[in-house]
């Protein structure tokens, strides 16, 4: 039975999230080194961590006629959204906050990045970040609805919006197995809301970094850390939603949660390097014409299964 | 708990709502409105309506970001970089709204409110779903049809290109002439 | 406590009303309307919690209001886009010949 | 203070380097990129992300302003290196890192004469820097649009350009993308016409959606990442749709000769050049173009692989594994469905159209859409991958330089440059970057006089 941990555990969430995010960044650095035909050494793994002191010591960027309030607010919203989204994820038998509507809460917090990135693009009063901010809105309009239907599929399968109930409902069959379309759409959605990999369009290289183009120093640290925290939160949520939560033989529940989260994180990191950026102008039509019908069909199939059998197939 | 949260969120909701019409920058005005909605969403959660509160937050973030895009596209001086105010009959509006507020406030304090009837269900979200799929089915159906009509109507109003522009006079042109290609090769 | 929530709702409603009446730009008027509906949401939630928690009517009202806001915004922007394209204005005063 | 010093020293372990490539600096740029790759130092995309500004080549007067503007936008602690030959790169990077770690006093960037416009901004915006004494007087002057904005250093258009002075087109219009006031009835509005914070407001114009939105004037280049060195494209945009484009060159020195066509020049001068050397140079050129294109397309891992192979191809000594590796990469990129899907139908240059406008050989080989152009690089890479170590003398009639043979007196890149603006008009920003990257003109081939192209 999953229980709500005491209130201090809210402080553990960011720490745990940061730990997994660090692993993700290190793994990403490793893959980058391999792609660049460089020898892989422990130093390569530690290299991304050197970014933290570098960015803390660097000067903050100031641009003319900037809307500094919205700019900083938007940058801060990205990591905050990641941490708040993770608050409802059960880890083993514990969850920082067991909400009866955890799935909706996760969705709402992840959507905060819409406002965050748009503000981060608007703030500096410069062309390239502005385009980047608008790109995220376009991308959001494309990815958000399929992602919502994927979340709804999992919730419908367990007949609950409570994340712990959803994890508990996958006693003998993971949702990932009998809701493959929802699982795939969800994983793509994680890339999309952390604007990494094929969905890195808002911070694209063609925009010289897009929303990040004018951000330096601690602000940049917030933005970069925020993307990886969001990715990790998405990976963590995939475990109770689709992979049976902490259930598993031999090991305790928290260990299974950790192993599964790590596996999803690494899969996402690996997947992000496989594809070029998918531009929103192409993706939007694909999402609305193909993905939304597929996601709705998936939710409908789940609903029919639940109605006829009263649970898993 | 409720009281403490109320005294944090209520002033925030009211103040940011007020700032919507004080900010010169359209971006800031929209974000102020968003903050007001986030605070009301928080209040709903505190009142025990976790689902509705969260949905208000979820919807309003998306709605306000889209709103900001339109505000900036259609407003002059969206960044508020030039001092300007765009009011008309400011004094009358102020008088009317103050009167309305006074009347409402008077009503709130004069009315003898009935006692609380019944207790909250264990899962209000479940009850809402039951209601919408049961006794309130007609409401749900109406809302659904309204939304569909809105989608169709809004697209028809906003677009300036019909199928004859895209597919030609005989509707046989393939692929259609669009300013930008989509992603499924049409 | 109910009175405090209702007072907040009345405040939000009045601020929204002031904005809707005094602003020239159609989009700003829409923001005023949204703020008024925000007050309605708060009031409906408070009524549900303090007066009739056993009934689901309060919740249904909130759902209806949220839908109304979505409809208002979608239609509002569609109309603004159409007016803007046809006549290049976004000001309520300038579109006043619509009255005739 | 002790903590800051500690952070500075720890941060200097792996500085981010912004390589500012100027025309004539191709060899230095390649050496710098190779060094960064081998050291595992990230290449910065914008001045805001950089610790070290490495100027690859000698900036001609036309581009020096842009380099200064980029330097002004690099946040402290920072170091600058000026490198003129490929051999000096490694030492310069070491010196820059040492300077960073030592936390040497920051020297102030020199304000060049062309930057008087910044004074206006500072006047209007001085308060914004309150409390931040970082030795960056012009920090907010120019780099605000990434490198894109630094284009203004090249062409100071004071007063002559659409009522917008060169430097601030980016800022002014980026934020004030609302309406221009001109021509609107505003008798009942209480407002103060002026230029906010010293920035001009945007003007409106017709657009494809019939909404007459604001026009932004955005100079792209000359120092954007993955961008042909010395290219400046002046865009008139509405939203992110390009309404009008003009291509210019910045800081192209007279006849330095392109790095990529070196073997052919030597062969023409009668020096002995082997086919293998020419094949390597041409393949490296294609790999370089491909790497930049893939970077712009956001496929980082394939771009990194292309850069690594490019460095190998430019290296000396026999390399039996290079050919198969190049062929593998060419196959992987050429067969990528997602890449083809996302670039299909973009920037189509019809062969007939090209011939009609007086472009022959080079333009014909650049025909088709973006997909066709990068696939042609992949094909040509595969075709010659077997002869990297061929020692027979080069026959220029059989093996053409990477961007084709000169078209009469015009270099192939001049033809590509002339074709650019027309392809960009109507494209969205992301598409425009892909189109430029798929043509990848080498401005070192172009003499300054024949540089510019216009499109309507």
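Letters A, B, C and D name the chains as they come in the text, with residue numbers starting at 1 for each one.
Convention: a contact is a pair of C-beta atoms (placed from the backbone, for glycine too) under 8 Å apart; a residue touches a chain by one contact, two chains touch by 3 or more.
All of these numbers come straight from a predicted model, not from anything done at the bench.
Novice: Identify the chain whose mean C-alpha position lies nearest to the mean of all protein C-alpha atoms shown.
Specialist: A
Novice: Across the interfaces B-D and B-C, which one involves more C-beta pairs in contact?
Specialist: Answer by contact count: B-C.
Novice: Using the average of all C-alpha atoms in each chain as its centre, how far is it in Å between subunit B and subunit D?
Specialist: Centre separation, subunit B to subunit D: 43 Å.
Novice: Report the inter-centroid distance (CA atoms only) between subunit A and subunit C in whole Å.
Specialist: 33
Novice: Once you find the CA centre of subunit B and the CA centre of subunit C, what distance in Å lies between them?
Specialist: It comes to 7 Å between the two C-alpha centres.
Novice: Calculate how many whole Å lie between the centre of subunit C and the centre of subunit D, each centre taken as the average of the chain's C-alpha atoms.
Specialist: The answer is 48 Å.
Novice: Multi-chain contacts only, two chains or more: what residues does subunit D have there?
Specialist: Those would be 175, 177, 188-189, 196-197, 199, 209-211, 341, 428.
Novice: Return the residues of subunit A touching two or more other chains; collapse runs of consecutive numbers into ranges.
Specialist: Those would be 65, 67, 122, 125, 134, 281-282.
Novice: Two or more other chains in contact with one residue: find those residues in subunit B.
Specialist: 55, 66, 74-75, 79, 81, 86-88, 160, 180-181, 183
Novice: Using the touch rule from the top, collect the residues of subunit A that touch subunit B in their complex.
Specialist: 65, 67, 69-70, 73, 99-101, 104-105, 107-108, 111-112, 114-115, 118-119, 122, 125, 134, 137, 140-141, 144, 161, 281-287, 289-290
Novice: Using the touch rule from the top, collect the residues of subunit B that touch subunit C in their complex.
Specialist: Result: residues 2-3, 6, 10, 13-14, 17-18, 20-21, 29-30, 33, 36-37, 40, 43-44, 47-49, 52-53, 55-56, 59, 63, 66-67, 70-71, 74-75, 86-90, 92-94, 96-98, 100-101, 104-105, 108-109, 113-114, 116-121, 124, 127-128, 130-132, 136, 139, 143, 146-147, 150-151, 153-158, 160 of subunit B touch subunit C.
Novice: In the complex of these two chains, what residues of subunit D are touching subunit B?
Specialist: Residue positions touching the partner: 175-181, 184, 188-194, 196-197, 199, 201, 208-211, 213, 241, 341, 344-345, 426, 428.
Novice: Which residues of subunit A touch subunit D in their complex?
Specialist: Checking each residue of subunit A against subunit D gives 31-33, 35-38, 43-44, 47, 50-51, 53-68, 122, 124-128, 130-131, 134, 198, 200-201, 204-209, 212-217, 220, 273-279, 281-282.
Novice: Looking at the complex, which residues from subunit B come into contact with subunit D?
Specialist: So the residues of subunit B in touch with subunit D come to 26, 72-79, 81-88, 160, 179-181, 183.
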